[in-house]
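Note that the chains are named A, B, C, D, E and F in the order they appear, and that numbering of residues resets to 1 at the start of each chain.
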Amino acid sequence: MNTVGDILTFLNTLAPPSMKMEWDNVGLLVGSRAQGVTKILVALDPFEAVCQEAAQWGAELIVTHHPLIFRPVKSITDDNEVGRCIQTLCAKGISAICAHTNLDCAPEGVNRRLAELLELSDIQVINPLGTDDQGRDWGLLRMGQVQEQPLEGFLGHVKEALGCEGLRYVSGGKPVCKVAVGGGACGSELMDAVKAGCDTFVTSDIKYNQFWDAQALGINLIDAGHFHTENPVVTLLAEQIATAFPEVQVMISEKHTDCLKYY
Amino acid sequence: MNTVGDILTFLNTLAPPSMKMEWDNVGLLVGSRAQGVTKILVALDPFEAVCQEAAQWGAELIVTHHPLIFRPVKSITDDNEVGRCIQTLCAKGISAICAHTNLDCAPEGVNRRLAELLELSDIQVINPLGTDDQGRDWGLLRMGQVQEQPLEGFLGHVKEALGCEGLRYVSGGKPVCKVAVGGGACGSELMDAVKAGCDTFVTSDIKYNQFWDAQALGINLIDAGHFHTENPVVTLLAEQIATAFPEVQVMISEKHTDCLKYY
Amino acid sequence: MNTVGDILTFLNTLAPPSMKMEWDNVGLLVGSRAQGVTKILVALDPFEAVCQEAAQWGAELIVTHHPLIFRPVKSITDDNEVGRCIQTLCAKGISAICAHTNLDCAPEGVNRRLAELLELSDIQVINPLGTDDQGRDWGLLRMGQVQEQPLEGFLGHVKEALGCEGLRYVSGGKPVCKVAVGGGACGSELMDAVKAGCDTFVTSDIKYNQFWDAQALGINLIDAGHFHTENPVVTLLAEQIATAFPEVQVMISEKHTDCLKYY
Amino acid sequence: MNTVGDILTFLNTLAPPSMKMEWDNVGLLVGSRAQGVTKILVALDPFEAVCQEAAQWGAELIVTHHPLIFRPVKSITDDNEVGRCIQTLCAKGISAICAHTNLDCAPEGVNRRLAELLELSDIQVINPLGTDDQGRDWGLLRMGQVQEQPLEGFLGHVKEALGCEGLRYVSGGKPVCKVAVGGGACGSELMDAVKAGCDTFVTSDIKYNQFWDAQALGINLIDAGHFHTENPVVTLLAEQIATAFPEVQVMISEKHTDCLKYY
Amino acid sequence: MNTVGDILTFLNTLAPPSMKMEWDNVGLLVGSRAQGVTKILVALDPFEAVCQEAAQWGAELIVTHHPLIFRPVKSITDDNEVGRCIQTLCAKGISAICAHTNLDCAPEGVNRRLAELLELSDIQVINPLGTDDQGRDWGLLRMGQVQEQPLEGFLGHVKEALGCEGLRYVSGGKPVCKVAVGGGACGSELMDAVKAGCDTFVTSDIKYNQFWDAQALGINLIDAGHFHTENPVVTLLAEQIATAFPEVQVMISEKHTDCLKYY
Amino acid sequence: MNTVGDILTFLNTLAPPSMKMEWDNVGLLVGSRAQGVTKILVALDPFEAVCQEAAQWGAELIVTHHPLIFRPVKSITDDNEVGRCIQTLCAKGISAICAHTNLDCAPEGVNRRLAELLELSDIQVINPLGTDDQGRDWGLLRMGQVQEQPLEGFLGHVKEALGCEGLRYVSGGKPVCKVAVGGGACGSELMDAVKAGCDTFVTSDIKYNQFWDAQALGINLIDAGHFHTENPVVTLLAEQIATAFPEVQVMISEKHTDCLKYY
């Protein structure tokens, strides 16, 4: 039978831990490498509902993008959500693996998938941080081309491609042609997108001054939501694991959708 | 003739510098206390367009909420917006005063005004940081009551009262009754609103994990936009200055509106 | 039924968390305040054998002196003992409470008990850190009198009273009369014992230079072992809890003895 | 027409910013690269009198050795000299460039010029920090030979060559033969001069203990004044700029002399 | 016979260690409290020549203003002056006491003596740091009045009163009336003198920018030399000790004069 | 005549200072390189009794393993042992050289000697930190083989070989075959011994939790005492110096034995 250790080894090939940011916490965060695995639940976040879903379905492993433990913990009690999640997982013998910023940066990770979903052509890594052993660049942001079009049209394309309920944006006063993408909160990388010559940047969790900076710099800045820019990688993870481990059942969480609404 | 120093003294009474956060930079940031004043332009931000508007109108002073210099500067060149603004102001002899977190916290400041605009009753300071010399509490957040109503209805009220183009929110699963407000980016004060017993929190610049935290904590969290939650104080500033200095012309910037759009 | 929360409240009275050292981690470290309790296992350390003993006996709570989590943890896996202990406890629904340096310092804690066991008279706190609400001094070390006797004789008394297999010591060249005690590793408090006028100090985990310092300072220094100087408090904890909660079964760990041998 | 950017590029060749100390602030500190330039005022310091002199003469640029902004500034008001200078410059559209420790260290900078003025032969860099693209050493101090002579005679030579009103010195008990020079406050580099085998060190702003250190180390230490050891570079800067930009008028400040007097 | 401990106790009354700056090192730096004392050598600095003078004269104690050990030492070898001094002192059984910034600040210390020597009237402490048990203010600087006079005249007075070979100064453009004094390197306290309303400040080790700051602030700044502004306290120390311990011989060092010359 | 400098040069070849830990203080700590040497006293520690022994014997140099000055000192008085030792040495003109962690790590240093004394075969450096100019590995710990034997038997061997009065140990549940050694307090290197595949580790100053860690990790851990694991190097030092400098008398301290007793 496949083990948690086998899945971890596979994920470490897809998204090597050496590609993570220094402050991040990735890999096997709860459980045991020796644990046998027949069912894996994949989700963007290891929220309580996801842990319970895994328990009810009988999964021995959850694989998520965001880490269950981010700041090191001094206690594991039911006073907070992280404690309740760890208790549920340990009680049911469920392990938890996370691939976070290493998956953001990996050649075939979050941002590659986001670029593909937006149908960018000639996808490249912006400011590569290195090359992997297959000679592929890796790094945080991606950029690529679209047929030149007005911002209005591209907004519709993003909303449909990512399934967003709404978008927030500022116009940089230019048509859309060269697009940078960064799933999750990449607003502080705005200058990287500008320096790479992009006219448009799709990311999320944009703050007030970042919208104004974009306007001053003349770049279209689109906040498509943290969930909708990162969740596509969940499908990728599920597909990759299912392909590599055909005898294991892999399911994407049905409980975990975005909580954020627009009015 | 009234001077910049007179206006500064007046604003320091309205929003004493001692009420500012430790990291903030408030007061007279450009110009001269001795400068005579006949025209004052008031705006939320000291952006380039605002500085030019002041120059064209012939103002000797701009009063803003956000500080023109936040991180200390090592040069003043036209390579960046702060440098261009300082050059414009110095070239035209215009002074600049800012009242930022001291105005957020002041008894009659940003958050008091926001609470009033949302028609909260029985407005109180959450976690007062002190009392002023009139015995009034001061501190960052405010809270108050509304007639119990479904979240949906309150969303409409917020949108209309603040003139927002759109809202982002998460439901905490409760009707709206006791509301906390914090203009600008107060997402990290979420727990203060919860501990104060509020069922709803109106602020801006909310990040992904803060929406989820709100859902887990069972509190309605509404992101009404940084501009729309803070800009009401501009009217208050203009009115107060005009009342105190009847011989001075006070104008609210016509150039400065929100850059953020919804789609 | 009594709950973990009830026991925690009781222990916090016996050894208030405010008496702990700044770097320490005490209180409810694993589990749930709401957990019902019928059986409590008490031990010096929350080692794996102790957790298993609790599981086998059916305890819902373990109470220990040393904290299960000392350095905050970034993962909970079976790769290390702390992870295995947490997994065992969560799997069985067992909570864990620790009272560490707060119990060392409490008026009726580790060091008071150690002084009593050594039959010191006129027991006092050395360098009290405060007084509790009953007006009793609290602090780390205790001191008291014995009938003046040669060091050799006192060594035999310590060995027998604490049940040590062996002792390490250095002679300060004086008979034993005024004795300081500090359970566990208190070697760095040597000067406090000297300044308090003691001729003899009983503690553990003494390092080479501390033995030499004692000789130079003319104080008898006795290393009676970390386990044997602290374990007496386990009996005290068990008795106190049993008295306060007569309907709960309280057992002292039978698995946890000292691992250290002399040759 | 030449621009400020052209002059900056030229000065960056003469004294590359990469040669500056880590803590220093050099380059274009006020103004605009695009500014056209017909008149340049050169001075050791950008004091208020110098800025006014530039304004009266109609200069579009001042070039100084000491930086106008050293510690980053949080406000630009007429309460202090730096603020008044910036206001004057911005009001008149005058840019300000500074070449400080990069000019000290440059192959043809402050200390080279100082060594030449003292007629040292065989001038070398003490402890070179690198070589420039022409293969020339660069670094802080210079050393060279003079005809062996008594200290008394060399003092007269220094006073005359640099135009000092007075000198302060300590005798190291040796005749003058091998001389180290460091314009400005280089007293903390005393050991470098000693290790390089020099018998005499000419610099400025020497403190009490440095005079005693020199005596104990047996090296003649001469404080020839900060102004008089650095001001010679002003002539060099003026000459170099005038040669490179013949169509620009270059003037050395007539207002800026040393303020320090001897009695 | 009097002991080093007796002298230390006396000096600690004159200049309590609690009045020292946080970074300073004062008190008994070499030797033994139990050492009997018949001869004491007093000097501004514990230089090698002073230690040898003490040894030749047969002193058992040197008392100096500047500390023999300032930065803690990792070795005591003849490779440097501090090591050689300690070796000389230990070889001859000579103790060393220093009273540094505590003596600067003491009510009857360095700066009081300096003010008296300059014949200031109505001497007061600038910015007192506290009051001693006799109710006297203590702190770093002193100020007092002189008959209003031109700067030129006051310079002559200072030179004569302190026995300086030369002075360095900048004129603040005002006659001398209210004078601040700070023996040794007090240039960084310039603003304190200005805020206290003084028109003239006498201190030493002034740096280039401090002379310019004084000119800009309109205060006369006189550098009368570190030795000549502090050495007067040596006489005071010798007198005080001789008076308190009539049976002890007290001598002021004959070897220690200023090394600094003017040309 | 040989000098202290000659001995220092020789010892620096045996144990190069570059092999020391960053926090350590080694080399000539007291005295003079120029001092002539006819008698050298060698000891593990530079305690007061050792300094007096050197003085009485007429030695001009002591060579020790532990440094006389570890934390830099701010005074040299008879209030503490370090001060008294320095005074004794300086009074008698005795120099002091120490070779501490550089001697621990040297190819022929403390731990090599310890391994030889325990008759380990095939001695290797665990985790070498480098190779010296003879191509030999150097680093902290050593490991080697013994004939497989029960722990009990090996304990007897250690006790006899090192002359220990007693041992403290924990069993890892394995026979002894591959042994790691680290003289002095090397308990924090336990994982290095485990990772190198050793079943037994001989060191000293083991703390409570380290004994438990060893048991959990399944490695026999023997605390043979700081003195007894390091003192063998004293003989080595004496032999090496005597061989290299046949005209110098070298003596091992007769006063310095272990102060620690077992009961």
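FYI, contacts are C-beta pairs under 8 Å (C-beta built on N, C-alpha and C of every residue); 3 or more make two chains touch, one makes a residue touch a chain.
Nothing here was measured: the structure is a model prediction, and the numbers come from that model.
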Partner chains that chain A and chain E have in common: none
Each chain counted as touching chain E and chain F at once: none
To the nearest 5 degrees, please report the angle of the rotation taking chain D's Cα atoms onto chain E. 180
Residue-number overlap at the chain C/chain F interface, same or different (half cut): same
Just the number, please: Cα centre separation of chain A and chain B in whole Å. 34
So how far apart, in whole Å, are chain B and chain E when each is placed at the average of its C-alpha atoms? 54
Once you find the CA centre of chain A and the CA centre of chain C, what distance in Å lies between them? 47
Could you tell me which residues belong to chain E and also touch two or more other chains? none
Beginning with chain A and continuing through chain C, what order do the ring chains follow? A, C, F, E, D, B
What residues of chain E sit close enough to touch chain F in their complex? 25, 27-34, 69, 71-79, 86-87, 89-91, 93, 95
What residues on chain C touch chain F, complex-wise? 45, 47-48, 81, 155-156, 159, 166-171, 184-185, 204-205, 207-208, 211-212, 215-216, 226-227, 259-263
